[in-house]
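Listed below are the structures to be examined.
Okay, so chain A shows up in both of these, paired with chain B first and chain C after.
And then the complex of A and B:
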């Protein structure tokens, strides 16, 4: 441990240093920040165009969507789904890729050898992901509203923001789970790409999960981002919450917020411990 | 003849072929170490199809689901196949260069006398074979879901696909060049371009779904649009209204030109940017 002194201040120092380092790195790649804010637009545009093609026109698409989903504003529905998805995706992507890149660059073992606690290093990364994903959400919604000509402020805006913030807490836990998965299986690129589709599928980014067969619906309901997505949509588009009442919806999200981060971190620790004992964390 | 800068290496076609073969083997060995990734790709294709099918069902008027979904599914799945080839070609070439930058091996690779062209092409050889397998899987899955898909004019459609893949190689080379220059941002650019073509080349829906001005001012200027249009129109049996952009013969001319000139142009741009990066010493920077 050398001359290291452990205190709350030094712990906070580690988190802030990691955060600063990540922002310094991304500041070198401003183009990626710009393009990141455009991706949800493209992501939302696909189902909108599919809808117009299937229904045979904009008006028919609105009518059919109202009959099937409960709102005629299918553009805002898709935009909200895509914007919430970019939050989830950014969180998972940043944490997953961070571990993978440290592995590839051969610096993951060095991090383990440093006196800084991993929880603080990972918290720094997770905080960075939290800030990046929040910025991505706001940018996507703002630009998307202009492009698609929709008004995102027509419903219960404060409730939507509350659902979004509450939904971000379990995402930290999912990010740890994801990190554990990357540590275990190594190859991140394809897994991240595929998991993004798994996530968007179960979140119901493009459709209500009521369209799922019962088993899939139950699986989707155990997935915290599904609740975040529905909470945001229900408050802004006046759709029904899961189990109808907003307070049940909120209560379930609080449970997720309390349980998932602890669960995610404990799984991350046990995976890490097993790897250190068997093969070391430097292998990739 | 032994070039003094290459030691005992003999640059030529044989050496290029050896490089291509060895690099392909290396890529295949690398992939074989990550079986989860291989399975994940199939899962990904399956989920993409399911997700868009569910999205389509949300827009179907009650009582007309099965018929419309079969009609829509054939347009979507044949577009998806072109999209898969485009995505993997562009992503694999661009991303592999980025990986070499990360690992710090890109400069070493360029210091070796191995053929640079063979190196670039080898990166996508293995991926293309797997993309073909995934395409077959996509057709099988969607066929099962909607009770069969039309598959007419198969030979001509394969010809169109072959030329299209050749054209995509050019785009892949361009992205390799862009990766050398833009580094981290190139990944997002690749994602963006994938989505750009997905929408403006109407890969998941007919061109009639796009606003008219977008078709006229964007889609018609992209050779990829003609590839998508011709490929799926041929396979669904050229029904009335298909191809949507031009008569088939005119589309075929554009596709042939795209397949022949795109790789040449892409490779020239790649060499130019690569030479610039070597001259300024930024090749290994990331």
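And then the complex of A and C:
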């Protein structure tokens, strides 16, 4: 059996090793780390500036927004949407590109050759994505608040954090669903690019999904990040939850948290298996 | 009878590949492995010899759980490749894709530590193992540099170290010397022999017949997905003793070769290499003394110029030529010369 000794400790070791390697590698790409941390701000600034431009001044924009959305604080509304979006996009991005890069470098095959359980490797990546997206969220919100002069600490802050964390769980599931897609089509850039826009559209980053025609609204409601986004906003800006009650909103998010990761992970595994029946993960 | 450590039963693999022609594509089946049955003994160096595209890598990928065979099955170290994947993986070390499969942004040591952890090697054992490998492969001075700064040969050595990180009983090496220079390749073969003496079973693929002849206890010759010969290098060569091999060099056209094949008593005539208008031809026949005048007559009569004739000792390449009518490849000749 060689030197392998299987234990809970060595399994934890796999998770931590994968996590550590991600940080070591990203720390050696200084330039891209800098750009990646800048991106959330640009993304949040865009709609806020458009809002000001279209409505003609801060007060007018606020009045319009109050009438349509239910809060005059359109800046915080946008900033929250953008910050939650950054979490979603960072998560999909990290998992998607991780798979693609490892495929290209042949390291995915090296991982598959090892007796490490897939769930442990994947947990390492998920932890990394969690840390990275949390940092991105805090950074976007902090700098955004300073730049646009809004105070995010209002309303139910703890509830907002809870919605954020609860929303992350199904996000992992989506990330691996997305990973399965990349494993299958062996391409990441165009998928990630187009998905960015679809995701930001459906989760209502810049506008309430109530503005959608009914069919689009239902589509948006099947998408877990939409609920995460609305949960965070509702608790901080005192807006209504979906279906008017916080407990229904929370219950739906729990269901997502229970179902989506299992679904995403099992689709990932079956894609992997199908690939091994065909040409293997070495083809890239 | 030695213990069997790898057993294959009717292992087959069919790929569906797409032939592309502009925008259109057509599906085509490629039978990379056709019902391979082999038994590898515990403690031997087993060589799988075959030309490009013979199915060597595909066979290793099936045995190492990277590919699921289309039909058939196999056991490695007593574990089935379809039902006990992780136990198979823990039993083996692999060097499969040359210098690929390493993290370029990490140092050599970080790479080895990473893969050690993935193999569940406990931290102290890992540290010790990395030191051992560093000495064994003389990695010392570049182990602390990131892999992107390595030369191609250094990357290969690190990939070899990676295959050894878990000190597994079975090693799969897929053409490990292919991009190495001659001294490094020789060093690697020496280490392979040493590892084997320590008790490791080694499954070694190559398309260099000299390498197989020099290193392996037993050799299987694989061609177009099927095993066509199996035995010790000596056995394979002596299967040809009733036949003789003549090498002819000169300016020899394809139609001449065709005419030679029609001479009764000539078993095969195959072009081994061609360069700068000079051709090397291998003719396998029953009785060279009797046939040589006829052979030369045919060649000259068809416009060929022959300037060198040599009957020679049978090599594994000749065995391959006799069985398939084709040469293993031009590269063999180059390395054979360098190896001297």
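Please note the rule applied: the second predicted complex is superposed on the first by the 271 of 284 C-alpha atoms of A that agree within 3 Å, B and C clash if a C-alpha of one lies under 4 Å from a C-alpha of the other, contacts with A are read in each partner's own complex, and residues count from 1 in each chain.
Heads up, the rule we're going with is that a residue touches a chain if its C-beta (ideal position, glycine included) is under 8 Å from a C-beta of that chain, and two chains touch if they have at least 3 such contacts.
What you see is a predicted model, and the numbers here were worked out from it, not measured in a lab.
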item: First (chain B), second (chain C), both or neither touched by A:277; value: second
item: Chain B versus chain C as contact partner of A:156, first or second or both or neither; value: neither
item: Partner chain in contact with A:39 - chain B first, chain C second, else both or neither; value: first
item: First, second, both or neither for A:29, with chain B first and chain C second; value: both
item: Touched partner set for A:121, first chain B, second chain C, both or neither; value: second
item: Greater chain A contact set [chain C / chain B]; value: B
item: On chain A, positions contacted by chain B and by chain C; value: 28-29, 105
item: Sites on chain B touched by chain A in the complex; value: 33-34, 36-38, 40-41, 43-44, 47-48, 50-52, 54-62, 68, 72, 75-76, 95, 99, 102-103, 182-185, 187-189, 191-192, 195-196, 198-199, 202, 204-206, 208-210
item: Interfacial residue positions of chain A with respect to chain B in the complex; value: 28-32, 35-36, 38-39, 42-43, 45-47, 49-55, 60-61, 63-65, 67-69, 74, 101, 104-105, 185-187, 189-191, 193-195, 197-198, 200-201, 205-208, 211-212
item: Residue numbers on chain A that touch chain C, as the complex places them; value: 1-7, 10-11, 13-14, 16-17, 21, 24-25, 28-29, 105-107, 109-117, 121, 273, 276-282
item: Touch list for chain C against partner chain A, complex; value: 15-16, 61, 64-68, 70, 86-87, 89-94, 96-97, 100-106, 110, 113-115, 117-123, 125-126, 129, 146, 162, 165-169
